[in-house]
Structures are given as C-alpha cells and as structure tokens.
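Structures for review follow.
There are two complexes below, and they share chain A, which is joined by chain B in the first and by chain C in the second.
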Partner chain A sequence: MISELLINAFLVTIMLSIAIALIKTRTVIFTVILTSAYSLVAALMFITLDAVDVAFTEASVGAGISTILFLAAMAYLPKKEEKSISSEFVPALSCIILGGILIWCSYDLPEIGQLTAPIHQHIAPEYIKGSKEDIGIPNIVTSVLASYRGYDTFGETIVVFTAGVAVLALLQKKDPAKKNKSKPKQKIRKNA
Partner chain B sequence: MISSTIGIWNYWIVFCLMMIGLFLVMGRKNFLKKIVGLTIFQTSVFLLYITFGKIKGGTPPILNESIDSIYSNPLPHVLILTAIVVGVATTALGLSLVLRINTEYGSIEEDDISAQDLVDYHDDIETGKSVDFKFKQ
Partner chain C sequence: MHNNPILRISTKILFAPIILFGLYVQFHGDFGPGGGFQAGVIVASAFILYSLVFGIEAGKKLFPSNINLILLALGGIIYGGVGIVSMLLGDEFLAYNILGSSPQSGQHIGILLVEFGVGLTVSNVMIALFNAFASYDKIKEK
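On to the complex of A and B.
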C-alpha cells in the first residue's frame, strides 16, 4: 500500500520536472513534445490512482489529439518564442504567494486514500450499488456517464460541436484576408 | 511522519503544477505558450480530482463478483472524463484564434501586437481620422 503511494509520488515529481522544463524552453517544438510527455505521465498517474477510463481518455485525447492540433498549428506559426520586454516578476510573485496559500491549506485536506474521507461517504456507495441493479453495466463509470448523467454528456457533445463550428468559422476567414491584404481591410472597417 | 508526508505530497506537487500553469498563462507573452499553460493547469486540476477519488487498496470501479474489495470512487472519474474532452475543444478553439491573430498581425507575441495597435491608433489620430464613432457626428 505504501509502495502505491511511493510510485505516485515519483510520477508526480516527474511531472513537476517536465513543467519546470516547459518554463525554461523557448523553442516551440520542444514545448509541444514536453506537453505531450506531460499528458502521458498524467495518464500513468491516473492508472495508479485506479482511474483506468480517465487514463486511456487522457492518453488518446490529451496526449494524442492535442499534440496533433499543436503540431498542425505550429506549422503556420513562428518557431521561436521571443523574450518579452516586460518583467515577469509580478506574475511570478503572485503565483508563488497563491501556491504558498494553497499548500498551507493542504494540511486540512484528508490524506490520500483514506476511506473515511467525506468524498467517499456521501453518495458514491449508492451509485456503486445502483449501477448493478438499475443499469446492469459492470463498468460504473460508463453507467454513470451514459445513464445517470446522460443529459450532461449530451451537453458535452453540444460544447464540442460548438467549438468545431467556431474553429471552422475562424479558419475559413483566412482565405479572403489573404487575397486582399489584411491591413487596409482593417482600416476600412474602422472608417466605415 | 514519512507516510503522512507522502499522504499529502501529491497535493503539494499538484498545487505547484497549477501555479506553473498559471505563471505560463500570466507571465509569458507568447500566445502558444499561454495555451500550453492552460493545458498544464487543466491536467493538474484533473490530477487533484482523481487523487480525491482514490481509496487505499481499492480497485478500479468495474464490478466483479469474484473480487471482494473496495472500489475507488467513480464519480470524480466521470466528471474528469467530461472535462478532458471539453478541454481539447477549448485547446482547438484557442489554437485557431492564435492562427487567425498570426495571419492578421504576422506575430503571436503580445508586445508586438499591442505595439502595432498603438501605431495604428496614432496614425489615425495624426491623419485626422476619428477613431471613435461617438464624437464623429
């Protein structure tokens, strides 16, 4: 049982080092590859935390499709990130203060894996029992996702559809802008 | 002592990861890096939720008659499954916005873009063109 937690602590530390490398790198291709690696290690973490469904969704969608999207966008974008002229001191300081407060509050959180934690006492046992009797699918996550919270999943598909339509609308405008130069067009719009 | 430290170690690192994501969004001026920061923040929130659902010695929540043990809490898993898919939709939308900005301004650095906007604004003022419609009459 302690080995389970040790593996967890090890994997999460790897994620931290990947995130620190992300801050340091200024090359876009490294950024994309590190983001993909980050998602993949997160998927490993999900397996050790007993969330198998989440793990393969993260591995296929988070590490797969996201990386493809980033690579596709990268082809049209500058390959290097410029150093910004403004100072990064204020954002860094506010992040450190906020992180300190969160870590301070973490002493009030229940330890990982305690059966007595509030989250396990509330309605989860009813869902585990009801999944077998009401729906009859052995995978509880599937039965909750598709049956108990079916409307929510329907709403999720609407969100994805909306995003798809928005992406199409944004990228289709590129062609007329290319034909007549974008700058004058912008000014015409302002003076109209 | 050691086991209690390991017991909340995950939380500490997850909070650090969140703050790194937030820093990338706030501190960096490159729009692509901002979207990467958003992804990092998202994934660390997922990790926090899944960590809450874990039970020591539990098994994945798939019912099996032959195993007599506790199942980890399935409800955070369901929430996060939805969030992952929505997160990718958000990333796609953000990336297409960045592409659009790049075709319009030829740059995805925030400093460049605000400088160009400023130059445009001053040009308009010098040539006597009113920028604001309200005072045109």
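On to the complex of A and C.
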C-alpha cells in the first residue's frame, strides 16, 4: 500500500509541476513538448491503475502522434503566445471553485477496485465471463471494444475518418495546391 | 535534417522494426494490450518519421497520396463490410458469430477484420493529416 501511495504521489507531483510550467510558459514549442510530457505521465498513471490498453493509447496517441501533428500545425502559429490583457483573478477563482467541487464529489466515489462498486455489479461480470466462453479472447478490452461494443467502435472509426477528411478538405481549399503538386514530380523525374 | 547522417541511417534502421511492432500490436491485440487504434498510430509514425527526415516529397514517393486516400476510406469500408456480410449471412449487423464455422472462430475472424479496418483508417488519417500540414506550409512559402 505504501509503495503504491509513494508512486502515486510521485506521479501527481510531476503532473502538477508540468501543469504549472505549462501555465507559465509563453513559447508555443515548449507548450507542445510539455503537453507531450504530461501525456506520458498520464500514461504511467494509467499503468498504476492496471489500464494497460488505455496507457498504450495515451502514450502512442497523446504523447506521440498528437505532438507531431501539433508541431506540424505550429508552423502557422506565432512563435510566442500573447499575454492576456484581462485580469487573471476571475478565471483562477472559477478554476479553484470547480476543482474544489470535483474534489468534494470524489469523496462519494467508491474505492478503486472495490468489488461492491456499482460499476462491477452491472454488466462487467457478463463481459468477463463471456469474453472467455463466447469469444475465447484473453484480452477483455479487445472483446469489449470490437465485439460487445462493436457499434461504438464503428462510430469512433467513422469519426476519425470524418475528422481526417474534414481537415484535408480545409487545407486543400487553395487551388494552386494542385498545380504545385504536379510540377515537383516532373522536376524529380528530370533530375533522376 | 536531410544531411544529418545519424538521423538518416537511424531512420533507415528503425523504419522496418517500427512497422513490425505496429503489426505485432495490431494482430496480437486479442492476447495482449493493443489493437487497431494503437497499431495504426505506430505504423503512421514510421512513415511520418521517414517524411520528417527525408523530406515530404520523398515521403510521398514512398507512400503516394492517392493510395493513402484510398486506404483511408477502405478501413471504414472493411469495418462496415464485416457488418454487412454478417447481415447478408442472416444475422444482425456486426454479429460475428455467423462468420466462422463455430461462434468462437466467427468472433475471432470478425474481431481481426474489424481491428484491421480500424488500424487502416487511423494510420492513413494520421499520415494524410501530417502530409496536409507539411505541404500546406510549402504552398504558403511560395
């Protein structure tokens, strides 16, 4: 128990310091890198909660690919964030109040891993049993994701697809893009 | 970055293992952590690394944009197609039991295909997004 507490305290401290550094920094590239670091610590947090699949996703998507995409998109941003003119008192106060309410509510949550918690009583036992008997797959997360909740995952895939197509449509709006694309290819061929 | 030998050589060495790891995560998702979403991102990262080091044009030569866009849509079509096949065979949409000789093997086939569709869409969306951002920059400069 004590080792678990120590690990959690360590991770929370790192997360908090990254969050504070994120607020302080005004350079866009540091913001991107710190967000990536935050995602990595969050992935470690998920590992301590035994959610390996979520940790894997957080590490690869949150810390990996989204950082690269942010960096690619960063080229269109000004290098430095402008300082806000309005006072920081009201936002800080609302954050503290909201955080206080969330912490207060968290006391009503059941203990992590408690067997009598409502989430373990509802449909989870059926999934755990069925994953072994009906589907025959050791990883319950995969069987829930792809089979029991196949509709949701289909929706997720379509969301990813739609988002990608929407960004492509937005960025390829300029007509010269097509002309520029065909020209460099010819140049390469000539050089070769 | 084009002239840095360390980056060039390490990219060439790393490229194949990254894709191999992506395929492992993709097809081992039934037994260990992983699945289509993670594998798609890992495979995409290999191509993005190549584009970062050797330039966007070389990356497009390696993985042409038109194939990228076709595969981007194909992933969703595979996923939906599994559902439609299961409907044509006489069960409900995305009910995998009917796909195999036994319900369990049907589930295995269904999950494998569906995860493959997810991986295909995710990886190609990521590559397409990166290419779009990177080429847009060039247009702006000109």
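One rule holds for everything that comes next: the second predicted complex is superposed on the first by the 170 of 192 C-alpha atoms of A that agree within 3 Å, B and C clash if a C-alpha of one lies under 4 Å from a C-alpha of the other, contacts with A are read in each partner's own complex, and residues count from 1 in each chain.
Just so it is clear, contacts are C-beta pairs under 8 Å (C-beta built on N, C-alpha and C of every residue); 3 or more make two chains touch, one makes a residue touch a chain.
This is a predicted model, so every value here is computed, not measured.
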Side-by-side fit of chain B and chain C on chain A, or clash
fit
So, does A:I65 touch the first partner chain B, the second partner chain C, both, or neither?
both
Looking at the overlay, does A:G150 come into contact with chain B only (first), chain C only (second), both, or neither?
second
Touching A:A73, do we find chain B (first), chain C (second), both, or neither?
both
Between chain B (first) and chain C (second), which does A:N8 come into contact with in this model arrangement: first, second, both, or neither?
first
Looking at the overlay, what does A:I29 touch: chain B (first), chain C (second), both, or neither?
neither
Using the touch definition from the top, say if A:L49 reaches chain B (first), chain C (second), both or neither.
first
Contact breadth on chain A, by residue count: chain C or chain B
B
Have a look at where A:Y107 lands relative to chain B and chain C in the superposition and call it first, second, both or neither.
first
Quick one: classify A:I96 as touching chain B (first), chain C (second), both or neither.
first
Just to confirm the geometry: in the superposition, how small does the C-alpha gap between chain B and chain C get, in angstrom?
7
Where chain B and chain C land on the same part of chain A: residues 52-53, 57, 61, 65, 69, 72-73, 76, 138-139, 141, 145, 153, 156, 160, 163-164, 167, 171, 174, 177
Help me check something: in the complex, which residues belonging to chain B touch chain A?
3-4, 6-24, 26-30, 32-33, 36, 39-40, 43, 46-47, 50-64, 70-78, 80-82, 84-93, 95-100, 102-104, 107-111, 120, 124, 129, 131
Looking at the complex, which residues from chain C come into contact with chain A?
25, 29-38, 41-42, 44-45, 48, 52, 57, 61, 69, 72-73, 75-76, 79-80, 83, 93-94, 96, 103-104, 107-108, 110-111, 114-115, 117-118, 121-122, 124-126, 128-130, 132-140, 142
Touching chain C in the complex, chain A uses residues 52-53, 55-57, 60-61, 64-65, 68-69, 72-73, 75-76, 134-139, 141-143, 145-147, 150-151, 153-154, 156-158, 160-161, 163-165, 167-168, 171-172, 174, 176-177, 180-181, 184, 188
Complex contacts: residues of chain A adjacent to chain B
1-2, 4-6, 8-9, 12-13, 15-16, 19-20, 22-23, 28, 31-32, 35, 38-39, 42, 45-46, 49-54, 57-58, 61-62, 65-66, 69-70, 72-74, 76-78, 81-82, 84-86, 88, 91-92, 94-96, 98-99, 102-103, 106-107, 109, 111-115, 117, 119-120, 123-124, 127-128, 131-132, 138-141, 144-145, 149, 152-153, 156, 159-160, 162-164, 166-167, 170-171, 173-174, 177-178, 182, 186-187, 190-191
